[in-house]
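Each of the next two complexes has chain A plus one other chain: chain B in the first, chain C in the second.
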Partner chain A sequence: MSHEHRIGRREALVRLSSAGLAVAGVATGALGFADRRTASAAVSALRDWRVATPGEGARAVAARGANPADNVRRALTALGGVERFVKRGEVVLVKPNVGWDRLPEQAANTDPRVVAEIVRQARAAGARRVVVADISCNDPGRCFDRSGILAAAGQAGAEVLDGRHVKMVSANLSGAAAGLQVFAPLLEADRVINVPIAKHHGLSRVTLGMKNWFGVLDRGRNRLHQDIDRCLAELGAMFRPTLTVVDATRVLLGNGPQGGSLSDVKDVGAVAVSVDPVLCDAWGAVQLGVDPSSLGFIRNAERAGLGRSDLALVREIGKA
Partner chain B sequence: MTPVRLVRVVWQATFLGLFLWLLVRLAEGDPRAFPYAVFQQSSPLSSAGVAFAARTLPPALAVGGGVVLVLTVVFGRFFCGWVCPLGTLQQLASVVLSPRSRRESIEVNRWRPWYALKSWILAFMLAAALLGSLQTGLLDPLSLAARGLAAGVWPLLPGGRPVPGGWLAASLLVAVLVASRFVPRLFCRALCPLGALLALFARNALFRLARRDGACTDCRACRFACQGADEPLGAHRPGECHVCLNCVGGCPEGALAFRFLGSISAPERRPDLGRRWLVGGILSGLGAAPLLRAGGGREVASPAMLRPPGALRELEFLERCIKCSLCEQACPTGALQPALAQAGVEGFWTPVLVPRRGGCEFACTRCGEVCPTGAIASLTATRKTGYDGGPPVRIGTAFVDRGRCLPWAMATPCIVCEEMCPTDPKAIWFERVNEAARDGRMLVLQRPRLDPARCVGCGLCENRCPVGAEAAIRVTSVGESRDPLNRMLLGG
Partner chain C sequence: MRGRFRLWYAALLAVPAAAATLVMAQGRRTRDDPRAVLASLRTAAGPALPAAAAASASSSTEPARYDRESLYELVDGAAEGYLARGFERCVAATYAFQGTARFEVAAEVYRFASDAGARAQLDADRPRSTAPLDGALAAVSDGNVLLATRGRDLLKLTALTTDPGGREALGALADAWLKESP
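And now, the complex of A and B:
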């Protein structure tokens, strides 16, 4: 062929480099995606939110009186003051029970005055953020609104997040809850204060602090009822709060945990603050007229070394 | 931009913004009592449809539709050009998407005989409504826009919930908007039954376009941005005019004005509906209504289909529901879904309650509060729950499936349904039994039993039942308050 077209140096360079770039691009993409870990591999570790406590002194303090905010303040002061538990600049999660579309007088949710006082105390100790969050059983908007917690905690200076506003993330849960997700505020918190209300429950007989951890879970938590006493102790072993505050301002004696009837509600007018989640639940059971030693989850938790159920360890400071 | 045009654009944007804002407030669950249904209640088409079908006109529809009709008699189809959110969206789409030249615009805005299609659709729908089949909402622009946004767009936004059939509602909305790329406001001009109804009243509107004699140079600039294709030049059609007033500002000679009792120099043409086609529309409407019911099921509620709390009896419900999606958008749990096939052909896109998607919150009355036509009665929380002393409003009755239930069939403790039951006393109670497990261990089990006299059918139990796929406790419509024939218990 006399008209053979010969390419120049310049064109050869362009062709070779574009071919090289194409190969490199495909290879990079293939290597990047090859045997890629799926999203489920990203599991966050739960922290231990407890603060080191000196061996001496009370492990729980219970205060009584008509004013729930006073009770919180007095019990917390007697336990060593909020500064012992919350340091300046920390992020504090307050986890009340806001499970139900019920009014405060129906005693299905934690009393808003108790929640608000804890928020104020944490703010006073210099907390950078105080988050109040729960995954409700009923429509979250209605629960947070009608329980009075949205308004009360908001005014006290907390970010109030209902189930529509929290992200669920994977965490290293074990036992029966393995594979379930927890809400993100739990992983972002430096300190966690668990604030259950003392109520009757149809399966575990009473619902208190350990049962309150159901509220950080969402899908799949309804399966945990199938071996409730084991699961509650497992939750107690995984979630180690800075403080547990049991609200016994009003307690629910029947048709729990949702209640509804005012005839099931009893005014007790007490609040207990504790560094020992088992002790706090034992105290709460007594407020409901239930012998703690008859409760399977408390026995399991004590056996697992999560705390003590000896009520002599609770310091009752009575009325102001 | 002329001052008149600026005022109109701001006005349209305000109403579109209001329409969107109300939908967003509704989805957000805003507890304030905004007039969420005010747009849907201002559709004379819905007023006429409900009045024809149900033989009664709810006060809100009488006021809303009446005000719009009176204003239409005075000002013409101002609603189409100044208020309707779907009209505004189409106008926006035609501007944004259109590649037309000035000459092509003048050509595309000519009136076409087939724009009479909307009148035949109107005739069909009103004739069907006379026989009790209310289908106006399928093409009513206010329902169509709300449906498309609530079911098709909202699910894609943060915080949105998936809606079955949402793709269909969205496709219709998108098709209407994309059609505007080819012919501006094609839906308004050719398909909208509300526009056709308003045209009947706008034909002799008191305010109308008037042309100064001798000033026109026949330049046809008036047609350049004409929204209604109503031919401001020559044979003007006041019934087609959207009162956008683009022609008034667009006339280089200042020959056009919008004026009280203005006179048009050319003789007014009667709407050329084509009598045969009109009669055909009416006859097919009268024929379609019984045809759609050939499968039956209108008088007898389907046991598997739950209606929202406060819904009227099935027949009356279908005669009032305009398929606007507001109740579904308002439902905080997502329990209310559009019926795709559950409610028959006539009941397409009417709301049904699907417990597996969400339960009916005990004291929530949002769906009835927002229903524009009263197809779902507005209840108070005390009335719905029965805390006022009367019987609670029941949606149906739950049934325990002992073959699937964990404590009943599998010797496994579970109390979720009882825990969720909101009534006082609870409709679900426990039978405590000692049962030997397979290995001989003795178990104490609490087996859920249901007291049908207490159950309101809220479906919270079914929603939370841990038994996958088909729950072990399921709600059917039997026992619903709205239908005294759909009962199970004596005196219940």
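And now, the complex of A and C:
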């Protein structure tokens, strides 16, 4: 007696069709459960927000004085005026550091008076829309409120967006940041003004303009901490702002980036504005008492041709 | 002859039986001690924040918890230093106080793998001008920030005010935390 079971053509067709239907079902289910945002989102190209600058003239201007808004105005004027960088009808993104649930006096976030004055200057130049946005580390609502930036930038005429109100989108990031998302206001902007505060950082020793780009990235950004000096230069190469404005009104000398103690804060009363992000970071490091040539990310960025760290290129215009 | 043999084996078994009884009795004593039970429950539950009522705080936010993977969400790049010192878990909340004006204090309790890890982190986070807190050897403050250790736990308090009442609030929270038995 044979136990062999022969499959006829009809049964083979039925089995094959069933298998095909099962595969199709699984595939449909997988697509349905997949993160549709990631699966369907088109990858946007990052723009270069720089404006052409004449070869002559200062690449950076630093102004000192007790009034931070006045420092911003004077430095911008000495660099050629805001109209050189912002044109009528443009959308301007202002990117301060609003990472922490801290008071302005604790110098963990960009000074609200600096942010507000940049907004006013952009509006005065005819910007159609000025957006102030950041992805905070601590609770976004508390950070924007406690830092004073929500009120100051709002009153100056900006649309203020914290991390709860920005859409994250895919962008063509490379290096260690490849695959991370960025906030949409960055891609919608015609001009971008990066406004870091100069402060100590436990890992990179200082945090300035290049480190401030962490705040446009989504939650996976912590992986960039693994090789911080290389990653900061990579961010500097990907994000090319129109201007960098380093806020050294108050600087945080220790226990950064979050700070908290007033004894770690020093009143410097200065602001630098530059078309050269490397030069701006080098100037900021000096305000913190750190030799820029000792910072790996500045050396990497300069080697990559992103700017120069020669402080002789900074025009100091002193006190008002 | 056979009876003596049995007696010998019985005597031999009596030794481990007595040892086992002793160990079990010891274990039961420890288990039944309410302080030991509380301590092991607290260890299992992770680090604990000061009780708001004990510090006369008017309220506190819901505690947020962080582990080795998510710590960077709370402290960003500073996380690497914590991890290197044996950080395990953290709980954080914000307390509100009603003085002449309402103000808040941010509180975090970090648990480390060892007491030495917690103490090393206190030294690393110490602001520029701190002084030891009266009566508490393992606590320092400069009036804006207070750091204290209790065993493997590090308490970090930050006054979110420039009001002098902040200093008092830090002291009250630290007292409440240090008085709680570990």
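In the analysis below, the second predicted complex is superposed on the first by the 280 of 320 C-alpha atoms of A that agree within 3 Å, B and C clash if a C-alpha of one lies under 4 Å from a C-alpha of the other, contacts with A are read in each partner's own complex, and residues count from 1 in each chain.
The criterion applied here is as follows: a residue touches a chain if its C-beta (ideal position, glycine included) is under 8 Å from a C-beta of that chain, and two chains touch if they have at least 3 such contacts.
Model, not experiment: these values are computed from the prediction.
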item: Superposition on chain A - do chain B and chain C clash or fit; value: clash
item: First (chain B), second (chain C), both or neither touched by A:Leu253; value: second
item: Partner chain(s) touched by A:Leu203 [first = chain B, second = chain C, both, neither]; value: both
item: Partner chain(s) touched by A:Arg219 [first = chain B, second = chain C, both, neither]; value: second
item: First, second, both or neither for A:Cys137, with chain B first and chain C second; value: both
item: Partner chain(s) touched by A:Glu105 [first = chain B, second = chain C, both, neither]; value: second
item: Of chain B and chain C, the chain that contacts the larger number of chain A residues; value: C
item: Which of chain B and chain C A:Asp145 touches, first, second, both or neither; value: first
item: Partner chain in contact with A:Arg164 - chain B first, chain C second, else both or neither; value: first
item: Chain B versus chain C as contact partner of A:Ser261, first or second or both or neither; value: both
item: Chain C collision site on chain B, chosen from 95-103, 167-175, 203-211 or 473-481, when both complexes are overlaid on chain A; value: 473-481
item: Common ground on chain A, meaning residues reached by chain C in one complex and by chain B in the other; value: 101, 137-138, 142, 146, 201-203, 222, 225, 228, 255, 257-258, 260-261
item: Contacting residues of chain C [partner chain A, same complex]; value: 72-81, 94, 106, 125, 127-130, 142-145, 158-162
item: Of chain B, residues touching chain A in the complex; value: 29, 31, 159, 332-333, 361-364, 406, 412-416, 418-426, 430, 446, 460, 464-466
item: Interfacial residue positions of chain A with respect to chain C in the complex; value: 99, 101-103, 105-106, 137-138, 142, 146, 201-204, 207, 214, 219, 222, 225, 228, 253-258, 260-264
item: List of chain A residues in touch with chain B within their complex; value: 101, 137-139, 141-142, 145-146, 164, 201-203, 222-223, 225-228, 255, 257-258, 260-261
